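Look for subunit A in each of the two complexes below; its partner is subunit B in the first and subunit C in the second.
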Partner chain A sequence: MRASPFAELLAALIRQRGVTGALVVSEADGIVVDANVSIGLKAEVLAALSASLYRRARLAAAAAGYGEATFLQLEAAQGRICAVGRSDLVLVAVTEPGANVGLVRMEMLKGLQGGALG
Partner chain B sequence: MSDDIARLSEALARDPASLAFIELAEALRKRGDVEVATKVALRGLERHPHLGAAHDVLARLYADAGDLERAFDEWDMVLRFTPGHAGALKGLGFVRFHQGQLAEAERWLAQAAAADPADERNLGALAYVRQQLGTAAAPDAAAPPAEARAAASGHRATGTMGARELFADILGAEKGMALLLDEHGLVMAGGHEVDGRDVGQEVGAQLDSVGEEAERAMRHLGLGAWTSIVFETEQSTVAMAPGPENSLMLVSASRATPVGFVRRMLERSLQRAGRFLGGGR
Partner chain C sequence: MTSIAVTEAWAEAPMRAFVDDARVQLAVLLHTSGQVLAQHGFGKRMDVMSACALAAAIHASASELGRMLDGKPFSGLHYAGRRKQIFLGVAETRRGPFLLLTVFDENASLGLVQLYFGEFRARLSTAAPEPAKDTTPLNEHFEGELNRNLSALFGRS
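Here is the complex of A and B:
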């Protein structure tokens, strides 16, 4: 079986302390393209929300004349969702509240700049 | 809210002909259970097909689900049973606005303003639509009654100038934006100009129901209540948070501004929004 082209990227993200899930999602329809998540994490729900949020943020940024969206972070009482996107794909990470979001952000942007999403 | 839902469900189970289905559908809608709420409303309407309030709830459920045509039909039905129903008039204006039919949106919103002149949100939406019509196209001949226009414009003159500048001092020297949006993405206060044109409503339209969507997803994911969304763009940092009365507060600043300062601006704007909406936050 051939490994997904995103396996390495997702493995690097999930190794970060406090990261409980990493996914690549289609921005257009919120479908999971590849995922590396902890047991119990609802990847489909996460994918649908992340794709929708990222798309809306990108369109809102364009409407405001702010250029391309580069990084999105949703903060909740018991965790965070981070997302970066390119070419209709969104890379998503879910973290515990205590995770170092700065390191997670750097890892995600590194993946993006390395052309991991195309 | 769960207690209310349990109580109303029991009341309906005891008496299936009861009108409790209207309140139950609305409570479920507010909790984000749009599918279940729609079933409850449709089942109730089988027994009570001539109840305007039930058609109104169903219309809002369709609007939440993005089915604007069905929402329009239901609000139209409300007006047949309850002529002059302000919520239905506002809903019809909302649908036409989202479909880009500004002249018709203006007619419905003006009638809603005449039916409920104290509804500041509707007056804000009406003022915005009129502003857009002034730059895009003249309203067509079938204009609303003169008294409706007078009622609406009277409030606009005293209300929206203050609303537009509500967050100006918080933004200070930052050339960012501050927008207070209602649950449908309509601008209630603040604004944002690009090349001399206010694009606040265009930004708001992209964020329509975003808070509700985030809330629902957080519940399913077990992450608790969402407190903020921050997104970085090539030129700016944008931060938003849930505000009073299902509103959404959004502020932005240049990328050079530290994120912590943007969050501070957001917090101050939320406090201001709370006072503006009369919530005392």
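Here is the complex of A and C:
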């Protein structure tokens, strides 16, 4: 069976310390395109809600005249959700509170600039 | 506050939660025979009647197609138009299966609708009372009941 075109990108993200989930999600549909997540993480729920969040953040940035949203980071008590997007796809990373967000962000933007999301 | 019109009170809370959470434009809960239980967003009784008749027919066709292809009925249907999308799902309760037909635009997404439909199913299943003694969906008073239900939904006699 052929690996998905996003398998390498997701594997690189999940290798980062503290990253518990990495997903590629359709922004318009909120449906999982590909995912590499730890057991217990509800990929479908995360995909639907994070795609909606990213979409609204992108629209808010555009409405404020700030141009394209480049990186979205949501901090919660038990961890973080990071998202970047391009071409109707959103790359989402779920991390523990102690994860190095700088490295995660770099890996996500590298994937984006490398054309992994199209 | 979101406006929900119902013919059976127990369906109101699950419908309201679904419409509020998923931010859908239209939603109608119906029996598989096409009888309406609750609706949100429809302005005319004819629209609800047509939507329910079509949803019941789509469900019957999709169920049969599912049985032929997969050995069991398909339980959900999604169609994406240019600006609006529809989702039709089945919710099992003690009173039998019910259909939820919903229309949404870019303010929602299929993922969100599916997510909140899962919660809706659980809420509806909890809210559904024991079946009434006569559960025949199309009894001899069907037409009169249908008109009464539609009057209740739209506040007209």
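Going forward, the second predicted complex is superposed on the first by the 118 of 118 C-alpha atoms of A that agree within 3 Å, B and C clash if a C-alpha of one lies under 4 Å from a C-alpha of the other, contacts with A are read in each partner's own complex, and residues count from 1 in each chain.
Simple rule for what comes next: contacts are C-beta pairs under 8 Å (C-beta built on N, C-alpha and C of every residue); 3 or more make two chains touch, one makes a residue touch a chain.
Keep in mind that this is a model prediction, so the values were computed, not measured.
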### Task
Label the relationship between subunit B and subunit C on subunit A in the superposed model as either fit or clash.
clash
### Task
Using the superposition on chain A described above, determine whether A:G85 touches subunit B (first), subunit C (second), both, or neither.
neither
### Task
Examine A:V45 and indicate which partner it touches, taking first as subunit B and second as subunit C; both and neither are also allowed.
both
### Message
For the three-chain arrangement built by superposition, which of subunit B and subunit C touches the greater number of subunit A residues?
### Response
B
### Message
On the A-aligned overlay, A:A77 touches which partner chain: subunit B = first, subunit C = second, or both, or neither?
### Response
first
### Message
Looking at A:A64, would you say it contacts subunit B, subunit C, both, or neither? Reply first, second, both or neither.
### Response
first
### Message
Under the stated touch criterion, which partner chain does A:G111 make contact with: subunit B (first), subunit C (second), both, or neither?
### Response
neither
## Note on the structure
Re subunit C stretches 19-27, 73-81 or 91-99: the one overlapping subunit B is 19-27
### Query
On subunit A, what residues does subunit B touch that subunit C touches as well?
45, 48-49, 52
### Message
Which stretch or stretches of subunit B touch subunit A in the complex?
### Response
177, 192, 194-195, 199, 202-203, 205-207, 210, 213-214, 217-218, 220-236, 238, 252
### Task
Using the touch definition up top, name the residues of subunit A that touch subunit C in the complex.
25-26, 28-31, 44-45, 47-49, 51-52, 55
### Query
Can you list the residues on subunit A that touch subunit B in the complex?
41-42, 45-46, 48-49, 52-53, 56-57, 59-61, 63-79, 81, 94
### Message
Quick check: in the complex, which residue numbers of subunit C touch subunit A?
### Response
106, 109-112, 114-115
